[in-house]
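The letters A, B, C and D name the chains in turn, as written, and every chain counts its residues from 1.
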Amino acid sequence: MTATTEAAAPRTYAAHAQPLWRRVLVTREASIIGLLLAVIAVAMATVPNFDSPLTVTYLLRETAPILLIALPMTLIIITAEIDLSVASVLGLASVVTGLGVQAGWPLPVAMVVAVLVGAMAGAINGALVTVVGLPSLAVTIGTLALFRGIAVGLLGTTAISDFPETWTDLARTNIPGTPVPVVIIAFAVLALGFAVLLHFTPFGRSLYAIGLNKEAAAFSGIDVGRSKFWLFVMSGTVAGFAGVYFTLLYNNARGDNAIGMELQIIAAVLLGGVSIFGGRGALHGVIAGVLLIGTLGSALRLAGVTSDIINVLTGLLLVLSVVSASALSWVHQRRVAALGRRRGRSPGTSS
Amino acid sequence: SGGDDAGSDGGDAGGGGSEEAASITFLPKSLGNPYFDTSNAGGADAVEELGGTFEEVGPSEASPTSQVSFIETAAQQGVDALVVSANDPEAICDALNEARDVGVAVVTFDSDTNPECRDLFVNQATAEGIAQAQVDLITEQIDDSGQIAILSASANATNQNAWIELMEAELDANHPDVELVEVAYGDDDDQTSFDKTAALLQTYPELEGIVSPTTVGIAAAARYLSTSEYQGEVALTGLGTPNQMREYVEDGTVEAFALWNPADLGYLSAYAANALATGEISGEAGDTFEAGELGSYEVDEEGTVLLGDPFVFDADNIGDFDF
Amino acid sequence: MTTTATTPTHPVLAGLGRLIRARETGIAIAIVAVVTLATVLNPSFLFSNDGFRDLLLTPSLLMVVAIGQAIVIITRNVDLSVGSVVGLTAYLTGTLFVQVPGLPIVVVFVAGIALGAVLGLINGALVAFAKVPALVITLGTMYIYRGINVAWTGSDRINASDMPASFRGLGTDTVLGLPVLTLLALVVLVYAAWHLRNLRSGRELYAIGSDPAAAQLYGLRVTRRVLAAFVVSGSAAGLAGVLYAARYGTVSSNAGFGWELEAIGAAVIGGVAIFGGVGTVWGAALGAFLLLTINRALPIIGVDDFWQRAVVGVLIIGAIVLDRIAAQRQHRRLVAQREETR
Amino acid sequence: MQSDTTSATPALELSRVVKSFGAVVALRSGSLRLHDGSIHALIGENGAGKSTLVKIIAGLYRRDGGEFRLRGEEVDFHSTAQSKANGIAVIYQEPTLFPDLSVVENIFMGRQPTGRLGRIDRAAMRAEATEIFERLGVSIDPDRPTDGLSIADQQIIEIAKAISLDASVLVMDEPTAALSGVEVDRLFSVARSLRDEGRALVFISHRFDEVFDLCDTVTVMRDGAHVDTMPIAETTVDDMVRMMVGRDVTEMFPKLPAEIGEEVLAVDGLTQPGVFHDVSFTVHAGEIVGLAGLVGAGRSEVARAVFGVDPYREGTVHVGGAPLPKGRPRAAMARGLALVPEDRRRQGLVLDLPVTRNITLAVRDRLARFGLIWGSRENESARVWASRLEVKTAALDTESGTLSGGNQQKVVLGKWLATDPKVLIVDEPTRGIDVGTKAEVHRLLSQLAQQGIAILMISSELPEVLGMADRVLVMREGRLTGEFKREQATPEAVMLAATADEEPAR
């Protein structure tokens, strides 16, 4: 009875309550990666032509914009915000690239301007969220319409497609000797950057704190507003870059490019284990989530399954992943509670 | 089967291939569009006659980038031929070329891409013919004077824009009293076209007529007109399918409209695709092939095969058609 | 009793004051302004039979969906699946007419609303029982419902001629100069508004949205209420689907595509706070009205078609910025009031 | 006859109730026997299981074992609605209001009086609310939203809520923690009148004077178990403390002498309209300056403004002679300022993060090497402070939210001590903390002052301020109204400065 209150010798603390393998394997991320590997294995075995290098090329080429934008989106959702305007920013950047080329600028100049426009768009989101203090869900529903509206308004009826071939080829070529598109190099660099930023820097630490409790974060000297502002700028910039890539890949600048992609991106991020309430999630899970949806779609399309079924599966996957997580924790609680009851009863009956 | 005769004199390279069943994939602008339903059905008939395998894939909304993934899948599957109606002349070009690189024969129909991205284009009617037919129809119905508007599909549809350009030229040249006040875009979406029609009528109270060179647009516009005070006041014509338009022709909303037979278009495209896939033709000008019950066709300049002239439907003849 | 001491003004006057300050009034004024401007530029915008009818008709469907959406948002949830529900029920409506010729129209309405309710129930059950965020769940069911719709419809479509004229007539008929669809939407609106304001179950939705944890502590039946909100939203979308078939006549697999964001936008413009607890269905309905009326008025005012979406975006952002300013003022006023009483 | 049975059968009786959360046993054997017409105190250290017991009574938690009888009947609530229906009203430790709804709606939510068609009778609701407010002697506009109300007002609404239930059992979990003296008096008079009506009340508080003032019986808990129940007249503070902690403790750790050095923090003319006005003071190295006043006097707001979390319009803050920019907590931290905020669960900690991450949150930049931060370095740093402060937790990656209140407070202290501050501002460092831990905190502050740290201590507990501070500042309604040297600071003088203008009744 009194043992607990005795000021004894200095305590020692274990760093972790659970062994390493549990902390690594019993996670949301690990299960998504496992699922991805399983889907690949099954598709290799059963879907004709899936094992061809073309699959890798096409898959990566098409999911590249989602992969790219999912990186900053992960950080934003971890701070408990959301950016629904990314696909519109992509469209706007695409239009700016096109207009630049049409106006006779060299393509690299147009590309830089497009990325800057993306950054500006992100800054507008960021300012509305952090300076004015509005909920990002509402703000970015608004800018989703606004940026898309500007994109469609600027280009009107036309599509611009006379981009220099050297550049459009670059967007389509593979790393020599591999079936992997060149754009994946850009992605890898960005992914590495974002992973280090999120998981190994003080800034990354602060993002989790912001997502879980922004008041406590502010009291810890974290500049919540500024951090979020820069995340939105990053999101806009990457979306702008994705817009340039998209334009070159399809040799086509249009106002309605990638319309509706925001929800695909968010679905993938959430599937990858990021909590919509903020504070939880990791980049490797997100990348696996994007690839999982992409691979599943690619394999099913190859197997002749129509796109509607693919949509149904994407939705089911998303719903099941969150429901199973909450069901598992419920079962766990139940088990622990039952354990507690049993433990609670035995001393009760014996005394 | 059908094309054997032409096949045997088409060339040695294709000799062996013609025995084998070709796999042909149809990729319309979007699924759920009755016009393409009809044309694809024609294509399916032809493939059946040829003994090949037919497949129909497509996006649910008419956008070029979503067509690309279907083109890529076809390339991965290694189908023999792909028959596609392009949502954009450029955007799907590279994907089509990649498909051709792995040996897929590419035929465009209904809406073409740049000529260098496909082997053959099956043209439903010359753009001039279509533009002419529609201008003739509308000017006749409004007595060659007054305001008209065009309700198009999406702003980037190749064929639509080509026709509209030619129609504008024709109006400028030969119909000085007819003023084209606006080109509206219904995106080949029923609801949008419907609402755009309402907006046109309201924005231009003096409007005399609407031309909608797209089957979705004309049907939506007709439906709006038929319940509005403008029924019979504002003329409507364009390109439509008889089944969709029958009701409105009968109730007087629409006097006459034009179209080719989309089933024939699909049918011809399938034969053309088969001929390419089997090596019977290479898509050069002057190549000829047999298209089953449609008879013999020749490839002309720019790798185009022409189906024929547009056909005008009106109250007198519409009862004879079912598509 | 000194009750009167805390009631400084006459109740009627106080009510009037509230009305003038209300968000809904602001939107109504904006609508009047837009309509006036468009009518001055083009009298037929209002003063023609079709003009007046379309003014009321066009927003009616979105109004119904926005009402349901507002109810869900008030409980601090969101329903992204409404557009897909509209699509499914619209197609169901057409299919029923095709498969069962001569089916009474009432039955079709009931079937559409019932299907919507079931789809809403699925959303609600997943959100309320599995305790997972609504945004994620309804994002998932949005894909699922739309996928099922496309799979079911295929490349088929319902044409106007498949449905009886009496049904399609609902889409355009008027009673006493008011379109039937608008009247239906109004009935839904008035009832929903009354229910939310005057019944316990309505007020509890606000409580839940205002602070879900507190609602649990109060012993409110949170699960049941959230479930009900989703069922209502689904039913509203189901009704809108039936009305869609009546109004547009043609139903393909992408009916109602993208309506979810429009409905949320309408609610937000109408002053429904995205984090729950605040707002009225009146606001949401007026928001929907403003959104679509501006859309139709823009070409008349001389703004190119293509810029419509940009204007909608500005509208949404403007509305929430205004809200924010008003809320800050109110907060400051309350704090000042507290200072005074200290 | 009836009164006989009620006095014989307890209004409410819990015996050997068990409740655990996961691996944590919150209640091992909780017992409570409550009689009508009595106010029963429930005391115990932080984490002793008081609130858990309350929540079981309220139907918020279901017990894992033991018995729960209401007027002799065995009951098993599984929702708070059930306990309400059985005449039990509970005021929870944290106010639970709906910020967007009006005061009236907050009071009646879920059981509004209804008329025809189930329509809510707003007039009746309003009338009843007004009546209750009158009885409590407060004037709160019943139609205003609760957003923006002070904690005290919120607590009053909680009380109104409980009264309106007309319950026969009323449980109050630390209702006075945020109330000022006048408000506490008013609450007590209401509580007494409820008792006189024959109701049974439970009162939880860490303030012994209140317990003696109000209650007639007391139950002491320790480590999730019942220790003893006795009439209040038969016990003393020392007895109770001994039972609570299982040993003798002095509530106050004697202040250690410290050498007072040069001026470190200088605040001059700080003003934020409506919040505080023209606040000027200094704190020297090695000095503990107490900031006293009633709750709501604006002390925390001044602290937050100095630290930079809140804005201020006029005035200056100097640290070590150099001016500090406004609204920049980072700059303040870089200059050696640290703030232990008043609400540890909301402001002090990120409850979902592990102990490690919380302790290192304020020093994350310093732990980084070449801009990168590694888990092992964080653990090292956290381990130092966890063991120095003797935080009771098994592993460093335990979620902070699962620690008991006192241990959470230690984590917050550790987090700020890790920054090696020159000026430490502590806001209610011992609020809701049991006597044992409290003394530890006092010893710690005293030692820190000895090491030359300047300490500004905000506290609502007069004995704490008077016992610890070298100098006492008093605030009232956003203004500094008094400054006393340690020798001059008598309870009377400080209370006068804190309340001078306040009218006894409103």
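Keep this in mind: a contact is a pair of C-beta atoms (placed from the backbone, for glycine too) under 8 Å apart; a residue touches a chain by one contact, two chains touch by 3 or more.
Note that this is a predicted model, so its numbers are computed, not measured.
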item	value
Chain pair showing more contacts of the two, A-B and A-C	A-C
Most remote chain, CA-based centroid, reference being chain C	D
Between chain C and chain B, distance of the C-alpha-averaged centres to the nearest whole Å	39
Approximate Å spacing (C-alpha centroids) for the pair chain A, chain C	30
Residue list for chain C, restricted to those that touch at least two other chains	150, 253
Multi-chain contact sites of chain A, meaning residues that touch two or more partners	156, 306-308
Those chain pairs that satisfy the touch definition	A-B, A-C, A-D, B-C, C-D
List of chain D residues in touch with chain C within their complex	58-60, 79-84, 92, 96-101, 105, 109-112, 114, 118-120, 126-127, 130-131, 134, 139, 141-142, 144-145, 147-150, 153, 274, 296, 477, 506
Of all residues in chain C, those that touch chain A in their complex	78, 80, 126, 130-133, 135-137, 139-151, 253, 258, 261, 264-265, 268, 274-275, 304, 306-317, 320-321, 324
Chain D contact footprint on chain C (complex, rising order)	1-3, 6, 198-200, 203-204, 206-207, 209-211, 213-221, 273, 277-278, 331-332, 334-339, 341-342
In the complex, chain B residues that touch chain C	31-34, 36-37, 40, 56, 60-61, 184-185, 189-191, 194-195, 198-199, 201-203, 205, 219-220, 223, 227-230, 243-244, 246-247
Chain D-touching residues of chain A, taken from the complex the two chains share	1-2, 4-5, 7, 10-17, 196, 200-202, 205-206, 208-209, 212-213, 215-223, 279, 333, 336-337, 340-341, 343-345, 347-348, 351
